[in-house]
Amino acid sequence: PRFRETGRVVGSLPTGPANAITDVAGVRVGHVTLIEGTRVRTGVTAILPHAGNLFQDKVPAGFFRANGFGKLAGSTQIEELGEIEAPIILTNTLNVAEGMAGSVEWTLAQPGNGEVRSVNAVVGETNDGFLNDIRGRHVTIGDVRRAIETAKAGPVAEGNVGAGTGTRLFGWKGGIGTSSRLVDGFTIGVLIQGNFGGKPVILGRPVAAAPEQAGLAAAVSDGSIIMIVATDAPLSDRNLQRLARRAVVGLARTGSTMDNGSGDYVIAFSTHAGVRRTEARRAAVTAYPELANAAMTPLFAGVAEATEEAIYNAMTGAAAMDGNGNRLESLPISLLPN
Amino acid sequence: PRFRETGRVVGSLPTGPANAITDVAGVRVGHVTLIEGTRVRTGVTAILPHAGNLFQDKVPAGFFRANGFGKLAGSTQIEELGEIEAPIILTNTLNVAEGMAGSVEWTLAQPGNGEVRSVNAVVGETNDGFLNDIRGRHVTIGDVRRAIETAKAGPVAEGNVGAGTGTRLFGWKGGIGTSSRLVDGFTIGVLIQGNFGGKPVILGRPVAAAPEQAGLAAAVSDGSIIMIVATDAPLSDRNLQRLARRAVVGLARTGSTMDNGSGDYVIAFSTHAGVRRTEARRAAVTAYPELANAAMTPLFAGVAEATEEAIYNAMTGAAAMDGNGNRLESLPISLLPN
Amino acid sequence: PRFRETGRVVGSLPTGPANAITDVAGVRVGHVTLIEGTRVRTGVTAILPHAGNLFQDKVPAGFFRANGFGKLAGSTQIEELGEIEAPIILTNTLNVAEGMAGSVEWTLAQPGNGEVRSVNAVVGETNDGFLNDIRGRHVTIGDVRRAIETAKAGPVAEGNVGAGTGTRLFGWKGGIGTSSRLVDGFTIGVLIQGNFGGKPVILGRPVAAAPEQAGLAAAVSDGSIIMIVATDAPLSDRNLQRLARRAVVGLARTGSTMDNGSGDYVIAFSTHAGVRRTEARRAAVTAYPELANAAMTPLFAGVAEATEEAIYNAMTGAAAMDGNGNRLESLPISLLPN
Amino acid sequence: PRFRETGRVVGSLPTGPANAITDVAGVRVGHVTLIEGTRVRTGVTAILPHAGNLFQDKVPAGFFRANGFGKLAGSTQIEELGEIEAPIILTNTLNVAEGMAGSVEWTLAQPGNGEVRSVNAVVGETNDGFLNDIRGRHVTIGDVRRAIETAKAGPVAEGNVGAGTGTRLFGWKGGIGTSSRLVDGFTIGVLIQGNFGGKPVILGRPVAAAPEQAGLAAAVSDGSIIMIVATDAPLSDRNLQRLARRAVVGLARTGSTMDNGSGDYVIAFSTHAGVRRTEARRAAVTAYPELANAAMTPLFAGVAEATEEAIYNAMTGAAAMDGNGNRLESLPISLLPN
């Protein structure tokens, strides 16, 4: 079930209608889930900021490296130019290359992009090598293109789907989770790929880690969480970077201490039509609407709440899974605090 | 009382003997508290990494800007050189200048510093302008020197002392707080100057904000928390920066979302004798012991716990106070969650 | 003389009418020069982005730490909020405190600032301790206020004035220098406080270092250059940060390698009325004009040329000086390359 | 010819025996050059820090984003952990994915890496789309592996080889260039992939841009330079980051202003055996030798000189080339200043 369906609530702000990143109008999410034989448990999740030509109509964006033991691609151009021009792709650690190639090939092929010779693919990853034969590098360029092409608005599948197929959270089965908040007339949506360790905390209460957790401590490379934040508020890239930083507040409240072996990153973007960097605007002086610094605080609270709930959704939405000779149980609802 | 004296515990790691930053051997803390008439409620807190000549025997250090709406001085040289060469001074927003001057003058006057012509003073601040006549700029250079000169080891006074004299936390009276943790044979100590807002959370449970809190929301400039992290682990400046970043984990758990108007900064340093940058070592190739990246995770947990508890100590240790025509109540122990 | 008066030209872009930072309309510069007895050779330079209330009508700004062995104050808030709210003060290394205090006190005293309780003073410094009794800390808060209050538009005095009074460049006498460029209908102005070492290069040709230079190599702490960039182009704070980074291009061409002991910093701001952050705009959504990323390249060339020429002006504009038992010769015009 | 063979010298420091990055003992370079039909003009260059198992014996490293309009992969983990664990791959903009995949596959296949499930591939790129059918994405994973496997010590081919095959510099034919310097008993080597625009300057003298240059100004995406810095000095990752920053000094002296559309990045690493992060050292406290901050200045000069000369070598080493319907002339030696 979704966390909220168990009768529990995170924070005090209202959610959007789907309680998902897609509550931010225009945002679409696509999953390709790869479950094959006994060893392949992986996938791809694509997040598209809007339904138009992303390369031609770029969106302002911010990036935060919370703990950089990860292979995220595309961050330096986000930081320099303050924008994203391609779908955001999530997959496993050893298939970032295919994520990039799929994003590049899809972008080159879009109508109107016939002269494009430079694409900044943005790809995040977590390590699903416990349940998945990660060394087999099973994700293909075609899988990535399919995740992009099947992205859609509306409810978002959670748990063992897409890039969350084989992931692990606090020793329990993890996955994809999403949530949203309505703040000051704006919507904030968060989607996470959750795959990290530590001592789990839910709604401020310690929860038992899975029995398997103890033996996993030494696997320094297999943590990570990628957090994607979308909003329709007209934010500058600087304030999007600040918004991104607040996802860590939600993360911290679930018990994470951003461990050494974890690749914890946040990407935030705005879908507001007025801040979109269209071809015409990119060539001249354009007046971009911008929410003031002083108005950011409520949005910070929104992203913190939505991130915390998205992580819980990733856990409660994930069924137990066998793979690669290992097994992860799903978090029993009975363990949730009241 | 101290938070732990109320029978409550933060986290699972053991504390040092004083449960204070001074559990890190060599660290000394000095407070100068200024309470005069009806309007002066401010002060200075000085943290000295060791008892020797700080300028000659520098300590490696890391810095993190969690939210930079603040006037912290000295950060760029910490980032560039990875070291601290003067006491860390905390005071109010409009007296950072006096903090710098006091630190510089004291350093110039130390035996062996007769030829020193460059000192990187490190000064943090929070805005105590609710209870204090901050525009009067009442802290003097002499006050700062006195805080340095009276710094001592052992138990650290908390609450309405030093730089915490006039501060406010979640609408209740705030102040100075400290805590420590023992991890893997190392000690981690944290001292904070707490003065921020938001919806308070203690041990994961929401707590009532003070009645006054509602009316304070518009005061965008008066938040802030400065977090000082000390450890005797032999850390590189890079890993000290990473350690500093984890103080935010503890901060987030108390309810903060690092609001727009808040100056939230962390400084971390190591007191390990082997990493001290003495005159001889600064001139040549020196072998510095360094804890491996992979061994950092337990220390991250330690700093998160100690920061959270230090914030609680700042609240439970502070008595109600009148000043500047205003009043702040202390957090009633009865409101603490069980 | 000014460098250009010797018949030499830097680059290919035209200068503004005064070939000074004050060619950017509204920018004012004030110098207070302290030459007393045989040992005091220091001063203050203040740069005001516009003639209005700087605190109420903030300007967007960017910051770059090229080499952070320096005590620059105010950078973290510039980075977080993307703006400046006080005059930029330049002075010597050990008087940054007085620079801050002067800036704060002046700001608090301005009409309309009666309720201000938080001011982000921005102060840069270089070490003039070769000619100046820097340990005497001879700059007062009053000197700083005087530099602010006497700031004016029009031609800017160069060489041994203000914060450049006692400085040294490549072993020769250094000082304040300024220059400007006209680019794409915009004006870019640069003012520098030049006080660094290395092997001088002028217009691409090596120039003899002063005889004194050899003996100075060991003085690791006494380099530094602060570079202030002003423009009337409507730039976002992110693009101002990028503009700041290009001052280093001009610096590199004069022979600097940003040596270890040098505090090399750049601050850039825009005076465009449309990007000014007034009280009304700071509270809501405002449409700010912004020059596109793709239009930045010509401005980058402008700041590189103006910075290079400003450094030459600091040298050719400085007369020989005795002080503190030492002497610095001025660069003989006969040594300039043809 | 190499620049130095024309009788000209950059700077004053001596070069290593090969005047190449391979003068740093252990460093190996491999090129795969793809010239096929009329449209394929691209390739791969691999730089290996040492001849051992790079993943098991990581090298400390620093990273600098001079201008981030580029798709460089792997930077966030370098910044977080201060180390490199895979070959550095250079290729064209739209084949970064294949660069990553090749690096990952090669690493997984190395003896001793049978359990590796996480590899941080480091890939830089420039846009060779003027002479090369870049949209065809002609570089394969096999090409990348071949570049790694054929890497060798000794003289390094320059100009139209490897990742420099189709590149353009100041409108002339560009390519790969390398150079080295001996400083204080240490060796510094630089290798660059040069592909940027602007007004060329050689040895401080303006040089005619190629006739074609005028028409290229609008192609905002096709600049870029990747600069790789190797040294055998025992540097901390922080001082490697500082060293990386100085490559920009050399770049600036060639006329670059790091234009908006340019992806200008620097990666620096140390090959010193004592700072190598072996499996044993990564698990505990290790004493790493470290050159002091105060000893860095001569190395800064070395990297500036070597970068400048490497760029000149990329130009003088490149023959004219036709491709993709376009032609680039090589810089006539007669245009070099005397």
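By written order: A, B, C and D. Residues from 1 in each chain.
The rule is short, and it goes like this: a residue touches a chain if its C-beta (ideal position, glycine included) is under 8 Å from a C-beta of that chain, and two chains touch if they have at least 3 such contacts.
Predicted model only: the values in this text are computed from it and were never measured.
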{"item": "Classification of the subunit A:subunit B interface as same or different, half of numbers criterion", "value": "same"}
{"item": "Higher-contact pair (C-beta pairs counted), A-D versus A-C", "value": "A-D"}
{"item": "Between subunit A and subunit C, centroid-to-centroid distance (C-alpha), Å", "value": "43"}
{"item": "Computed distance of Cα centres, subunit D from subunit A, in Å", "value": "33"}
{"item": "Per-residue multi-chain contacts in subunit C, two or more chains", "value": "67, 80-81, 242, 293-295"}
{"item": "Subunit C - residues contacting subunit D, complex", "value": "12, 66-67, 198-199, 201, 203-205, 220, 242, 245-246, 248-250, 252-253, 256-261, 293-297, 300-301, 304"}
{"item": "Interface residues, subunit B side, partner subunit D - complex", "value": "80-82, 234, 236-238, 242, 274, 277, 281-295"}
{"item": "In the complex with subunit A, residue positions of subunit D that touch it", "value": "65, 67-77, 79-81, 93-94, 96-101, 104-105, 108, 116-121, 127, 129, 134-135, 137, 221-222, 263, 265"}
